[in-house]
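Heads up, the next two complexes both have chain A, just with different partners, chain B and then chain C.
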Partner chain A sequence: MQGLSIPQGLNLLIPEFGLSVMALALMVLDLFFDAKRGKALMALGFVAAGVALGSLGLAYNAPEAYQGLGALWAVDPMALFFKAIILGTTVFVLMLSIDYKPASELRHPGSFTALVLLSAVGMMLLVSATDLLMIFLSLELVSISSFILVGYERRDLKSSEGAIKYFLFGAFSSAIFVYGISFIYGALGTTHLIDIRPLLGEGPALMFLVGCLFLVVGFGFKVSLVPFHFWVPDAYEGAPIPVTTYLSIAPKAAALGVMARVFNHLIPHTQLDMQTLFAVLAVATMTVGNLTAIFQTNVKRLLAYSSIAQAGYMLIGFVTANQLGREGLLLYAFVYVFMNLGVFTVAMAVGNEDGYELEAFDGLCRRNLGLSLLMASFLLSLAGIPPFAGFIGKFSLFAAAVKDGFWWLAVAAVLNSVVSVYYYMKIAYHMFFRNPRTLEPVRTEILVTGTLAVAALGVVVIGLYPEPFIAMAHLSTEFLPVSVPLP
Partner chain B sequence: MGILSVITFLPLLGALAILFIPKEQVKAIRATGILAALASLAASLYALTSYDPGSMAMTGLPIQFVEKFSWIPSFNIHYHMGVDGLSFPIVLLTTFLCFLAAVYSIGIKERVKEFYFWYLVLEVGMLGVFCALDMFLFYMFWELTLVPMYFLIGVWGGPKKEFAAIKFFLFTLFGSVFMLLGILALYFQTSPHTFDMLEMMSAAASGAFPREFQIIVFLAFWLGLAVKVPAFPFHTWLPLAHVEAPTPVSVILAGVLLKMGVYGILRISFSILPAGYEWFLPYMAVIAFINIVYGALCAMAQTDMKKMVAYSSINHMGYCLLGMVAVSATGFNGAVLQMINHGLITGALFFLVGVIYDRAHTRDITAFGGLGARVPVYAGLMAMTCFASLGLPGLAGFVSEFLCFLGAFDKWKLFTILSVSGILVTAAFFLRMLQKVFLGPLNEKWKDLPDMDLRELVSVVPLAVLMLAFGIWPRWVLDLMNPTMTVMAKMFPGMFALVR
Partner chain C sequence: MTLAHYLAVSGLLFCIGLFGALTRRNIIGILMGIELMFNAANLNLAAFNRFLAPAGVAGNVVTLFTMAVAAAEIVVGLALIMAIYRNMNTVYAEDINLLKG
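Let's turn to the complex of A and B:
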């Protein structure tokens, strides 16, 4: 490459560019808006994310122009699917942020919005990346903005504690990730993943395998796989709850997306003999997540462990790596957006007034029956009880495991679902069985109500009529390049 | 829309309607709940008029009122409903008991709106289980019963309600997730992959499932179904849940929910996994024997009337199991008739225990005495129901128990003879209860005890009438089921080749 040349396929990243520009503009605008009018900035960010989400429709409509292979990135149906999930989550999280606090208590709403958008850009790049350096850079973009978001409540010690823990773990895992890249580069002389598979030759070199293991650490941190999950409960508890919602959905989905791209497609883990390792990781993640969640008394922490366990289920689709598994992973990730968005939104509506201890939910059914029924359906969906969407997701994941003969994985997963019912129903127990401390009705703001309606609609419609969503997941399993050259 | 969907989803309509009634309007909520249950009952009786028990049984199972639409083509899942002589009588039992218990639920005073909502959702789940002919649909309905039951026990139950509710939920779910894996295994074993029960049955008949495979899958299903039956050693949730649940819910639990297990064993384990069933027969005979004798002995040891009735359910479901190990038309007829009769009799027993508990606030057998003269109507109904339950000839229980023993004796002489002792114990504990509560000198504490009121009579008397009717002329029920049972018993001619 000589002189300055435009990299191939730059036009594929238009949504990312647009959002980055918007984020930077918001940071500048933040200087000129006082707190009272700050909510307008959030609304602006919300609109920007919505427009970006809409622009993905272009890519679906005109695949020849907006999908393809770039220099370090690939925009294919799989990437688009995850980008839609990420942007959808961003839109709703910004909606929640607007109603999270009264305008007078907001601090730098423009920067907050900008950080959310920037981390969304990082995730969008992440799910498209086909080069290890690109992956690393986007991971960092996500991480750094998330660190700040977690610690956004500066005066709150818990928020700072969570941010510090998150940062230390994050920095450590980034270091290991880069170290892994250097191993791979040392072994094969390239960081471009598409070129790697032909170089593997007879069998992968030891150095290359070690590098791959280090990559898993980096990804595992983002997906919050056990044993890289220790930051999760503290960061989730400390962060403002819209940020918690965001962290529990988008980075997880994005990291799973890039894991699927790297280890299911470009350098398949079945070729590296790492399938069993990932299966063990999946079982460990769901088991530790579920068993620890049982003992939590704080809703945020309980949901933090629950989201660890949920990542474990999703990993099943990644482990089996068959067509059904990929579909299951996508479908579950999609469903997971709605149900997790739902629980966190209810938690926010209740917790904003009464705090986030489980007792805040006491007798919720008498204070607001609709809210408690919605919460119950989100929880049951997370637990995988029909007729809610979570069941369909788990069903396709378990089917993938059974199809490939991963019996022990399937048995571990179903037993874990049983365990999870115990703590999900603990919240239901507080809502329905205990007497309320006050009879004052819980009110929900208009945007919160809207988010809840969307989440509930998703959980029920996908649960009862999953066909179009299964078909969508099916169509989204394609990667680019379609075939990676074999050794 | 077919009649089965109407029967199944009418209660759902009622449940949704109830959500829109303000919670202060208790009367409107009750009326809606009862009407929805009544409508479902009426629809099922209407279906009975056009139900044809026999004519199609020459070619296979006489499945009727079939509805089949493609639902999730990606997994080849259909919305497939249909009933035959195995399921239709249970559907009738369900709508009937649900209506009676809905009437009895007028006695529920707290949080009426939520109660009727969950109650009607529960009815949808139960009816769906018996009508579904697609495994996926079956599983959906099966799980749909869990959540309402959890809330019904947990909110309106007795002192240990929370523990009973979660124990019920976890126990049943633990079993049913293995059933889910079994369903998936069957799906991938059939080609083309299908969840359709009838297609699976023909696949089984053509030998698509190897024996080892069948045994493993049978065990997976057994975990799910045995919990519901409940078969020893998975019965421990039952006494707790039955005792803690409010009266109408206990009635539904014992009257309908337990039948889901036995129904599943006949519909799935036997019809789709014959080799697994055959392999399991000796163990099932042992389990039947344990259920009968151990259940009866446990009931004998109770002083709480409700707990006694709960354990007697374990004993009675043992008869069903015994009828099923016979693998003959007689035994199957006995098992299914026993399900119906147990629903009627134990339903009535739970109602009656509830009646006295509402008045006296105790269920301790020793706390009463001489009530026979004080509350004659109650005493008469209670005595009759107990006699029916212990198998007095002329009442319903006798016929089905007799058929179960008759069928089983052919092949399992030892266990049948041993199990007969269970009848003796059953008679003993019921008679002891009758004696302590109704005979002897009147306990002065209860001299003002009022007799049954209209609501309670409406709930119990229809059951008593049917007990008597089916005891004298059991063919009203048997004619509905016999052709199906005959087909089922002949479905796999090679049965017993291996175990004998």
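Let's turn to the complex of A and C:
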């Protein structure tokens, strides 16, 4: 048949296709499964995500067969690393969702799983995209499925309210994003970012720069950079906590991944004179996140502001726009998965029965010593205190900034880490030095325990023996195409 | 009609949408503002395609995709507004203040 040829490199996206088909199948199956057996559907989604994660290992080991350039996408070590982070998070979030509520209270577990998988597919496409249209579509796939996930508990007022706020900010920022795309298209006559560099000529045109700024707004919303962060605490507090866990890790990592691809590789922000802008954004993000977190009394909100601050740290690796910075970014994103997964899992185990106010953590060490010790280690890791993994991540990020001459950025980040110790330790204070309201032990379901074990293992092992992980991050900083044509 | 005319109209449309989205108290009104912003971008893309790259179709393709995506987004938004309205009997942004930061 003429005109209907298979696009080049379509085979590179097989994991994404598999997951999409699975998601659609789950939506249909959801109609035929009653609530009692609904958890089987979640388990099915969990297995699918696990298999997709495994298939990435294949791509790592045989780069010539499973990596390459497609029409609108590139599957390179950088993309594969972020895909692994996204799928890993998906796997654990589905594990948490299975134990989140008793089967009788679950509403449409199949659709829930399908939405989680679809947003994972969106993120995986996002980190591979090399075309503005592809970036926009995958960003929207992520956004729209997350809107529904946040508002999934329809009868819960907070859930609906969080979702509508998330939606309004999300739709607003994607409108600005498309407007930015239209300017870039107008300036250069193409949306294909690989071809854009030669067209830039001597200095980039004003219209192109305005378009790039609008793109930053769209990405900044997803990464929750200050001043685009207003939705974060409300959406995180309203959402069911497995969804909060998911949102605080995967979309952030994915959006940072695509930002790194666009502004570090295809059109480097150093050529657009935007380096200072991003440095200022990074400092503003961590400062506002940390200073606001101090005043929070709800654990979900506190962790929401903490995750804003963490995004600010990760942006440092993006500012330097060199291999060392990217290495720090990848390492920190990897470590961040374990730390954040850990704190949110403990918060879920405690909060499911006692609510999410800080007082729920009072005297946790007498109700479940193991849980409180794990929480303390995750919090220390988030604060960047050795010997936990967070220290290694922060160290490589800050070192990259200093080496690139951004010493003021590193100083601001270190000061911020000191501030963050205060509110992380506030939770620890509640756990160890306050009297519990009840001595009834906190129970953890088997899958929650499993997730905690993996998170704890990650935080401790990476902290004590980081060399293989640093080497892995180093190997994953490569982009395809290796050389983008210069103007 | 030159390119500048189209750009002026779309710029105006974008500003009206932006103003509406930021100042409206009714959530439906905010949504309408956001739709205007999407349409400004669409107009831009179609005009650029027609005047600057008439041989290609990239701009028109992006326009089509944007329309479809914006429609999907609005559907989800309206469903959320329905859920809010059933629970709280209001569509005014200032009444939706359970979560405070």
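Convention: the second predicted complex is superposed on the first by the 485 of 487 C-alpha atoms of A that agree within 3 Å, B and C clash if a C-alpha of one lies under 4 Å from a C-alpha of the other, contacts with A are read in each partner's own complex, and residues count from 1 in each chain.
Here is the rule we go by: a residue touches a chain if its C-beta (ideal position, glycine included) is under 8 Å from a C-beta of that chain, and two chains touch if they have at least 3 such contacts.
Here the structure is a predicted model, which is why all the values come from computation and not from measurement.
Applying the stated contact rule after C-alpha superposition, one finds that A:148 touches chain C and leaves chain B untouched.
With both structures placed on the common chain, the touch criterion links A:280 to neither chain B nor chain C. Legend: residue contacts after superposition of the two complexes on their common chain; A:137 is shown touching chain C, with no touch to chain B.
Residue contacts after overlaying the shared chain place A:380 against chain B, while chain C stays out of touching range. Between chain B and chain C, C touches the greater number of residues of chain A.
After overlaying the two complexes on the shared chain, residue contacts for A:471 are found with chain B alone; chain C is out of touch.
After overlaying the two complexes on the shared chain, residue contacts for A:301 are found with chain C alone; chain B is out of touch. Residue ranges of chain C in contact with chain A, taken from their complex: 10, 14, 17, 21, 27, 30-31, 34, 37-38, 40-42, 44-45, 48-49, 52-53, 56, 58-59, 61-62, 65-66, 69, 72-74, 76-77, 80-81, 83-84, 87-88, 96, 98-99, 101. The residues of chain A lying in touch with chain C in their complex are 132-133, 136-137, 140, 143-144, 147-148, 151, 154-155, 157-158, 160-165, 167-168, 170-172, 174-176, 178-179, 181-183, 185-186, 189-192, 233-234, 237-238, 292, 301.
By the touch rule above, chain A contacts chain B in their complex via residues 365, 369, 376, 380, 385-387, 391, 395-396, 398-399, 402-403, 410-411, 414-415, 417-418, 421-422, 425, 428-429, 432-433, 465-467, 470-471, 474. Contact residues of chain B toward chain A in the complex are 23, 71-75, 113-114, 139-140, 143-144, 146-147, 150-151, 154-155, 161-162, 166, 169-170, 173-174, 177-178, 180-181, 184-185, 187-188.
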